[in-house]
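One chain, chain A, links the two complexes that follow: it is found with chain B in the first and with chain C in the second.
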Partner chain A sequence: MNKLKIMVLDDEPIVCKRLKPALEKQGYEVDTFTQSSDAMEQIKNVEYDVIITDLKMKGIDGMQLLTEAKQRSPKTEVIVITGFATMETAKESFHKGVFDFIAKPFKLSEIQEVVSRAEAKIRGE
Partner chain B sequence: MWSRIGKLIKKLFSGKRSKVAFQQVFEQFQTLLQNHQDAMELIADLGEKSGGDYIFDRKYLVDSVSELQELLLRMVKGLNLISSERYYELYSTLDRVFFPIEMELRGRLALSNAPYVISLTEMPLDTPELTGGKANALGEIIHKLGIPAPSGFVITNRAYNRFVEYNDLEERIHSWLELWMSGKETLEKSSGQIRYGILAGIVPQDISRQIRDNTKTDNEFWAIRSSAYGEDGDLSFAGLHESVLNAPASQIPDAYKQVLASLYSTEALTYRRQMGMIGEEAAMAVLCQEMIDSRASGVIQTLSLESSQPNCLAIYAAFGLGRTVVEGRDSSDRYIVERAYPHKIVFKRIAKKESFVRAASRGGEEEAILPEDIRSKSSISEGIVNSLAKWAMALERYFKRPQEIEWAIDSADQIWILQCRRLAISPEQAETDGNIPDRFSSHPILIENRGVVAHAGVGSGRVYIVNNHADMAVFPEGSVLVTKYTAPWLAQIVPRATAIVAEKGSVAGHLATIAREFRVPALLGIDNATEILQNGMEITLDTHHRTVYSGKVDELINFERVQSMVFEESPEFRLLRRLLKRIASLHLIDPYASDFTPDNCVSVHDMIRFIHEKSVQELMEIPGSLARFKEAKVWQLESDVPLDLRILDLGGGIDPELCGNKVEIEQVRSLPLRALWEGVSHPDSWSTRPVEIDFKGLMSSLTRNWDAAGGGVANAGFNLAVVNGLYMNLHLRLGYHFNLIDATMHEQAQRNHIYFRFVGGVTDLTRRSRRAQVLSQILSNYHFNVLIKGDLVIARLVDLPKEEIESHLKVIGALIGFSRQLDIQLRSDQDVDQFVEQFLNRYGSLTKSVPAGGEDEQVKDYGLGR
Partner chain C sequence: MRILFAGDEHPYSEYALKETVKLAMNTWADVTLLGISQATNPVEDTQVGKALRGYRDTFLNSWSREDSPYIQGEGKYEWVPVKTGVVEEMKVLMGRKKDFKVRLRSGSPAREILTESQEDGSDLIVLGCAKGAKCEWANSLPAPQQVVDDADCSVLLVKEQQPVTRIVACLDQGYISQESLEMINQMITIYNARLDLIGLSQNGDMEKSVYTRLIEIGDYYNDRQVEINTRLMDISDFEQLIAQEIKQDLLALWLGKKSLLSRFFSRGWVGRFVSKCPTSVLVMR
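Showing the complex of A and B:
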């Protein structure tokens, strides 16, 4: 079975730096981005199984990236990570097409559980 | 800003004590208790985040701090309301305490107010931006691990900036770098021009004066080394920058310039260009340490890089100063030692050594010929090899990755750690291709997805179960600490453990705080850990899936080794620890000490404690000043219980039909007071049997100066309950104990609380502390959060449904009678357990619906830390 390809996008480097090894340890292939414009370029070339993205970022925000990614590859599952305060607005404004939401700060085990569920869906289990 | 508001408020009240409505005082007090609880929980949350099990971002820190600030502002306002504006100076305390916290969050603190020169013993930790990587690591070795490193001081990055500015070097450096980068000048020319500028510069007087102040010791010669930011961290600048050894104090400014200039050596510039760092502003802190007159010295690599020696570390040693070993290892002795305790030597090679480097008598180094008879002798004893191995592994455990350590031994055979940096390991050397499975099928899983993570990480070793102090003394270095308890005395062995698995404990508890302090991966709350994990068993803990594997899982350990980031060393975690130091540390301990003032509040925790103590004191004064509240009607409770209780009804607490001034408990409508009274009037609670007082207890009760230590309660002639239908605030003075109970019994669970505070007593402090232990154990059994300080016991319970509050208040009622003269009877520590048991047996029937159980995990530490 192929490794799941995951993109992580968050403008705070610590989120990327911590998620990458944690997800790699779980057996996934992980690319991380702190600039949403770079991430946007990347999805034009690479198809990801899962995209984990923050919402509020300078320049292109998570919403735009999500829309673009879904357009290019509807199979891609998107997990939105956002601050606790903006959680409800996030859920309201676009539940469509988002696999799940996670409020920051979150435990490593929480995101792993969500990614596992996304994987099960992708693999049709 | 708050101080301005404070002044405004003061103006409004124009210094006169205003009359605040009685009811308002109690409403404010309840709000204060709630804010206090919220603030302490926020602080406990921040502490928990520093354990690494969560992913948080800077925004979380900013939000938490602003929430905390908001709570504190409300608390300051609340205290001022109930005290008629007696503490308006707290508004400026609030400004003062939060200012540096905000500066930390904006990233401005490190350099703006920092000193040019700071001694290693006084330097702040977690600030490599100021002191550089090497000095920061040494600071942690000295302060946290207690491993000897030569004393000295750091000339900070701020001094570098000052030096550059003073000598107008910024423009020169910038333009020569430009010329080189654009290919218009050679590397050698640019490097030479910049270095010449630095060497020709003048060390400003304010810096050189501070250097002189720090060299006024008996020590004559100094070692001056670079401590650049990033050095010894993620990036390895090993060997790129210059060191000057054995310099007399008078030459330190020159040596300082020499080390600064090496920031622009051709090698350093080439390296920074390769790493894409040339555009970034460079700065260099410089470390000056007393010169160790080394008899022998060398280097340890905590992981031998030769594949034929897995699970070993390598020690290189030679006579004299370290240069021999650092510059060429062929002519040094080599020991290959097992990483695991007791560090068996598996291989040794004693080199034939012709010469050695020594400190020259007038400064500097010189090479000398070794006497014939010791040329083929080992430069260090096997005892030293063993100690070096032990310390090296302690350093690796703390810094989380294999280390390269420079060490020296002096003529008295004392070992000194000179520097410690991360050992660069390639994936091949670590025998990992970075491709590891999620589960390690070959290793049986002993524990999975259970417990709570107090500190994140991977740790492997042999199980050692600790039951008592005797076990601690023989705890083998690098073992996995497995224990039923979370007791504070475990603190001594935590730094020696490679991992912790405990049956009890919570993430806000004491053991968790210590595990974080020493960065030991810890999984708590595994209720049968001591049954699953047997002494001597080799296991691997990975907090990642809250998993314990049987055996040593090399794939996992090797995977960790090559990960570039150690979360503990990341800027975000450093920032969080710096914030916690300013938020969670507690300096104001004794509320009756003369320094218990707003001026002495250093941290947010200090402020919280100050406000809380003062608000309680304000309430304590109420019974004595009842006369001031003429409108208040005070009832007297008629009861067989020998407890003179007056009741002040705020509304709805007493049968409205009642006349006169006497009331029976059946006519009391206040739900919390009725529940409490059921416990108080329990037939067993008020034994009239005279208490047998032994001589020591009696003498102590006669001589103790109660007013001095008790704090303003002596004027209260009776016991007072302030109530309404759903609320009770009870002041009890029984014998010499002072007891405050504040409780609500609302339909909505989230509005409910019980606050219990008990202090004072007749006998000596030891016995009073025993009583505190009894109360704490009983209350913990009923799931109160308990905090003890000497003989002060504070217990809280929040957010419980009405029925639960009712049962708990009965327990408190029973406890009031039970504890009356408890301390006189507590003659030994054994009595503590006996009394706890007695209580639980006697009052079991009162509290059927209250789940008993639990032990010390309820005792919160609130990250008191250091």
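Showing the complex of A and C:
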């Protein structure tokens, strides 16, 4: 079975630093980005199974990345993580086809569990 | 995010529930509503049980059906442990997008709240308390203070229904957790509040690590276009600040091993300050 390919985008390096080893431990291949422009370039070249993205970032925000990612690859599952959550952003995320919306702070196990659910969906379990 | 609301049948718990609804509306957190019964069999405690059912209705009815992440989906059979080594197949109603549970536990309120928060992996405990200097639950139970003192996660202690226009965060140590910063971010967003960051010093001296952290936090919020006002204060003036300046504010305190407040004040200072504060308090870990 192919390893799931995951992108993590958060402008706070500590979030990427926490998530990468935790997800790799679960057997996933993980690329991390702290600049949304770099992540946007990357999704033009690489098709990810799962994208975990922050919302509020300088330049391109997470909502723009979500829109672009879903347009390019509708089967990519996007998980939004945000430190500045509002009902509007939660609703908008789901309207745009987000797999889950998680407000910070969260436990690593919470993200791991959501990614496992996304994997089950992707693999059609 | 996982939120644990702990309440009883008294009005202060209704205020705390309203804050829980507000938090859940923004964060779409997984939520547990917990009641504590003094009875050995919690189901026999009709007062707390009735209150919890009311809270459940209030919570779920706060959303329109199409906007709610908590609307119950179809029932699904799952194996549920009933005692050690025994599971039973039960039909469980799953939340559509986020978990929502209502629970009753029996025993000492503080102990049961803390146990539930550990078992559930809560990120935030929300509970109310009677207004006034004692910060208690009814029947003179010091549960709120004990929870604030001993919880592993952050605690929002709701004093009364009131607008929050400012968050006053007091920094007294160099180390603060990423989770605590994120909790402040959510509070700023939910209340649309500005942030006052107070760096606490002792006799005019401030540890270099605290000063550095103060600047880093200021930069962090400036980068995120959050209005922040930073100032310094001597720790001996801190009680006066709580008594005189805190009005429509949420007081946010960091609790950590290297806390200057912990060194300056005797044991139990958190409970004392939380009691003195006329408004709601967020204790962060």
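In this text, the second predicted complex is superposed on the first by the 113 of 125 C-alpha atoms of A that agree within 3 Å, B and C clash if a C-alpha of one lies under 4 Å from a C-alpha of the other, contacts with A are read in each partner's own complex, and residues count from 1 in each chain.
The rule we apply is simple: a residue touches a chain if its C-beta (ideal position, glycine included) is under 8 Å from a C-beta of that chain, and two chains touch if they have at least 3 such contacts.
Values in this document were obtained by computation on a predicted structure and should not be read as measured data.
Asker: In the overlay, answer first, second, both or neither for which of chain B and chain C A:A22 touches.
Answerer: first
Asker: Once the shared chain is lined up, is A:M87 touching chain B (first), chain C (second), both, or neither of them?
Answerer: So A:M87 only meets chain C here.
Asker: After lining up the shared chain so the two structures overlap, which partner does A:D10 touch, if you call chain B first and chain C second: first, second, both or neither?
Answerer: In the superposition, A:D10 contacts chain B only.
Asker: Does chain B (first) or chain C (second) touch A:L108, or do both, or does neither?
Answerer: Once the two structures are laid over each other on A, A:L108 reaches chain B alone.
Asker: Counting contacts the way the document defines them, which residues of chain A are shared by the two interfaces, the one with chain B and the one with chain C?
Answerer: Comparing the two interfaces on chain A, one with chain B and one with chain C, the shared residues are 12, 14-15, 18, 83-85, 104-107, 109.
Asker: Quick check on the complex: what are the chain B residues that touch chain A?
Answerer: 49, 53-60, 63, 434, 436-438, 453, 456, 544-546, 559, 563, 565, 567, 570-572
Asker: Mind listing the chain C positions that touch chain A in their complex?
Answerer: The contact residues of chain C facing chain A are 1-2, 25-29, 67, 69, 97, 121, 123, 178-183, 185-186, 188-189, 223-224.
Asker: Taking the complex as given, what residues does chain A use to touch chain B?
Answerer: Listed in rising order, the residues of chain A that touch chain B are 10, 12, 14-15, 17-19, 21-22, 24-27, 83-85, 104-109, 111-112.
Asker: Of all residues in chain A, which touch chain C in the complex?
Answerer: On the chain A side, the touching residues are 12, 14-15, 18, 56, 58, 83-87, 90-91, 94, 100-107, 109-110.
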